[in-house]
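Presented sequentially are two complexes of chain A, the first with chain B as partner and the second with chain C.
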Partner chain A sequence: MFFADEVEKRRHAMPTIVACFKWVIDEAYIRRSSSGELDFSSVDYKISEYDRNAIEEAVRLKEIHGGNVITVTVGVPEATKGVKDALSRGSDQAYFIADASFRNLESSQTAAILAEVIRSRIVSYDLIICGEGSSDLYAQQVGARLAEHLEIPCISFVQKLSMEGGRLIAERKVEQYTEITATPLPALVTVLPEINSPRIPGVKDTLTASKKPTVTIKKDELSPIGEARLQTTGISASRMDRTCEKFGTEAAELTRFVESLRKKGAIR
Partner chain B sequence: MAGVWIFAENREQTLELLNVGRQLAAEMETGVSALLWYDHERAGDYISHGADEVLLLPALPEDQSLEAYIPVVVAEAKKGDPDVFLFVASARGKELSARIATRLDTGLCSNCITLKYDKESKTLEMERLAYGGAAVQKVTCPARPVMATIPPRTFEPTAAEDGRNGHIRELSAPPPSVVKILERKVKAREAKDINEARVVVSVGRGIEKKEDLAIARELADVLGGEIGCTRPISEEMHWLPEELCIGLSGVQIKPDLYVGLGISGQIQHVTGIRNARVICAINKDENAPIFGVADFGIVGDLYSVVPKLVQELKKI
Partner chain C sequence: MMDFKLTEEQELIRKNMREFAAKYVDPIAVEIDENSRHPAELFKKLAEGDWLGIPIPIEYGGAGADYLTHTVAVEELSRSCASTGFTVSIHVGIASMLILLFGNEEQKKKYLIPLAKGQNLGAFVLTEPGAGTDVMAATTTAILDGNDYVINGTKTFTSNGPTGGTYLVFAWTDKAAGRKGMSAFVIPRETPGMKAGEHFKKMGLRSSQTSEMVFKDCRVPKENLLGKEGAGLVMAMAGFDHGRVGIAAQSVGILQAALDESIRYSKERVQFGAPIARQQAISWMIANMATDLSAARLLTYHAAWLKDQKQPFSKEASMAKLFAAEAAMRHTIKAVQIQGGYGYIKGAKVERLMRDAKITEIYEGTSEAQRMVISGNVLR
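Then we have the complex of A and B:
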């Protein structure tokens, strides 16, 4: 796969770039009931924040090199809204793997499904871009797991990306420094939010989006889905037990505020 | 074969993981193996800090990165069949662990903050944060090994014990990865490390212009602390460097005192301060969520309150 003639072939071809995204609960709408429990009754959904950066980066590279951008998502049938949103953000085509049972897929399952569809339906791709993690569960695993299933190189936490002469040049953030890497294609990257600023689709983009092709794939067209490798046994509101004492702005109140800090040992 | 395996990027993180690893190994009646790739002379040090075995990974050529170790670690894990495999939740630790988990066909609890072994059911119960920190997700992993990444500074480092013995074993050199490192750029730190600060004064959108950061800095100075910020201040306004951005996807801090100025208290930011000992907030919006997670709050305009507070603190 990584021989010189492969690199040579890709040097001149226009790339096919796949951007994966997840349709998630917008966490800003999660409320707490009076008893402190999480209340999901009035939530709205969105394309996960960092996945918007993934789509934007795919479209940005297409604007430079030509080719085409394919967005792929696995989710519940309602995620069709997300598929439209992704198309209005500049992708040319979408693959939507939909089933009502896909609400709580675990990373290992999502990655396996994406891999099967990309391997069997998209076949000839050059680059796969994922966000660094989803804004709901933020397990940060699907990208890396997907690369392993497809047996292609993986570069995570990328903040700068370019395609040069059939190679991928990616700058990835590692704690104290950045590594500039060169990788033969095809490859997979996960991107950080600082890589770009996702465009906000206009009315015209939304109209064009509805004319773009979407391939919907049903669960029974896939191999049986394996057991979740990680099982969720509960989700509860995180607690932060604090005294929540309020103070005014008058001099006496500020004196009392400073006194409280001292009593707590927060100031010396 | 069995055991608790750990993988970290430096000594500090290794000692933290050895601490968790030792506790789990005692309950599971097994041993701890530490993988070591960066400084082979540390092996003895890690044995005295709780490792029963140190697995040495051969040094890599200049143009190779940690992912080159994946095939060697996977082969060793298939042979050794560990019960638990813990990684530091650094950028590379997260990628490596997810890829190794895929090859071992097992589950991975990312950014795990608690681990509890239930002897009766022989299950490791783990917790992590979800929905930007609003929720705690409890997970178990029915496959082997149980894998988790643990954020740096989640646990205390273990202490050394006299007279501990352990094995040191060298693993084989990996074949080169097709990912080549062309260059490593050390980031010039633009600010002090707020992880070490005893007091952190953090600013949010309530600050109207960049020059007004001086107000926060003055408060930080009088409290003997450093300043930090929310994501919009570093990522959108670029008023402060990104290493000062506090939150789930930024720095998670544990100071004695945190003071939030003009911060609404979005959950992602709050997650970065949940381990602060005392949390204070100054905001003119009395309904700002930050007051719900603060010990002490002042409802008022930071532009008039902070200078008065600085005067009050100077009296001490």
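Then we have the complex of A and C:
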């Protein structure tokens, strides 16, 4: 049986683990102008939060089982800092698919690009780990779509992961309960922040990152990607209006206070 | 062409230190200040991340980065806790750098490697009760007796005194030779005859450990002499040049924290129906703070950059230290003023910043001593 053969083949081999990440705007630097518009003029970038968990989990599994970790990102050419950041977190090698037009890719395009690179350049892999969703858009699409392109199983909402005898055991966090799922490799998982606490790279980790191999792939080396179908037509800060209501300690005052909350729709 | 950009590595290292400080330093900063406690557990973590030997070459146990990278790390660390930032600064910038610059191969292997790996802390033992800015008034002596030097005297205000592992001690080997009569020795802790006193209770910088050091017939083998006999003062001055860049960075960190706190508070605090940030009295204080911070940071990075370019940086280190320290003092007073009564209560960050800032105008050369160095340079 195909699955049994696969499991047997991977039982003793050291795994190749791919961790995908997105280089996103660090929301701490987004400011709101007095007119309520978002000001992106002095933003810095970071590896998307849950993707840091994905990289950490890949490195953690490598530390247990051996093998190697490859990080992959699709982004603008300035994201070289993100590639170094990923390498400083313990991955051995990076694939950086870069183009100035990749600033606002939609999930389907990102997944298609990742799939092509993984299928054609990495070829032999055991596990792909993605963050459950990105810090900026949180569409939760790339992981699932990538698994579909590669025709491998996908497990989402993973909060615990282990590899045993060529199989993957994943604990999923689903509403009121947890679900334990097992699958033969290769497989893809999307992870939650509960899965681990990402390490803070040491100084040497950062300094040696750029000495690790990075394969940079340009847009024209890939099949043409389709047009984006989603368009961001506007973006604005959420607003919170504050009002003040003073009241005394007597019963009548409290009644009046509750009444005014009801009138404003704060309570029912 | 001028390039004011840090490298990607330096930016990442800054970011990582910010995250490290938020995770491990911020939660204990108030407690270690209150209790004047040295956080040994924190220094173990700093050592694991190679933060205690950034500019020391890899072959001597360090991270092999440049001095600017170390400077940026001290700044970010000091933004959370000036005591911790300073302990790192004196450990790396003076103790370790002096062994790197003047030690022989054997001394580097024996003393520098453990220092750079953060296995013990370095201390700089120069100041005496009667000899502060006037270094020549020191009385501690080191007399050659057979193959040993015998050291006698009392030192004071020794940072990392109670917690140090490796001490750089300055003493007269030939008092009559004047400026060429002082020598430096590398002395490991537990050497008989050397004793650290009790940790002083201080106004600020309370978790940085400071004490007297008493030397009573302390015998030190000849091979512990650092550099040449009589070169002590030259080495001490070189140590100060490096250390002052660190104090400038520490002051910049304090200033940045004062600005962060002032912006946060003045936007939240409502008086007369509006956030106090809208009052010109407050917003101009913040404008001055931000401007001096920017100037202090540029002076500091410039001094570190000169050091990395192997150019003279003594004057620039003094200028950076003088300006950054005085700006830190001036503006932490304002930061407390902005928060009013709330800023005067223990536990308020600005209260600690103001107490911590004062020492930057005093140690590693007072502001007056910096003006002596700078005027000596420009009036030459």
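Note that the second predicted complex is superposed on the first by the 240 of 268 C-alpha atoms of A that agree within 3 Å, B and C clash if a C-alpha of one lies under 4 Å from a C-alpha of the other, contacts with A are read in each partner's own complex, and residues count from 1 in each chain.
Rule of thumb we're sticking to: contacts are C-beta pairs under 8 Å (C-beta built on N, C-alpha and C of every residue); 3 or more make two chains touch, one makes a residue touch a chain.
Being a predicted model, the structure only gives us computed values, none of them experimental.
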Chain B versus chain C as contact partner of A:S42, first or second or both or neither: neither
Chain B versus chain C as contact partner of A:V258, first or second or both or neither: first
Contacts of A:R145 with chain B and chain C, given as first, second, both or neither: first
Partner chain in contact with A:K173 - chain B first, chain C second, else both or neither: first
Touching partner for A:S101 - first (chain B), second (chain C), both, neither: neither
Touching partner for A:Q231 - first (chain B), second (chain C), both, neither: first
Which partner, chain B or chain C, touches more chain A residues: B
Interface residues of chain A shared between complexes with chain B and chain C: none
Of all residues in chain A, those that touch chain C in their complex: 44, 46, 80-81, 84-85, 88, 200-204, 206-207, 209-210
Interfacial residue positions of chain C with respect to chain A in the complex: 8-9, 11-13, 15-16, 19-20, 23, 48-51, 54, 58, 63-65, 69, 73
Touching residues (chain side chain B, partner chain A) in the complex: 9, 65, 67, 90-92, 94-95, 98-99, 101-103, 105-111, 125, 129-143, 177-187, 199, 223-224, 235, 242, 248-249, 256-257, 266-267, 270, 274, 277-280, 286, 291-301, 304-305, 308-309, 312-313, 316
Residues of chain A that touch chain B when the two form their complex: 2, 25, 27-28, 30, 38, 106-108, 111, 135-141, 143-145, 147-149, 153-157, 169, 172-184, 193-194, 227-238, 240, 242-249, 251, 253-255, 257-258, 260-262, 264-268
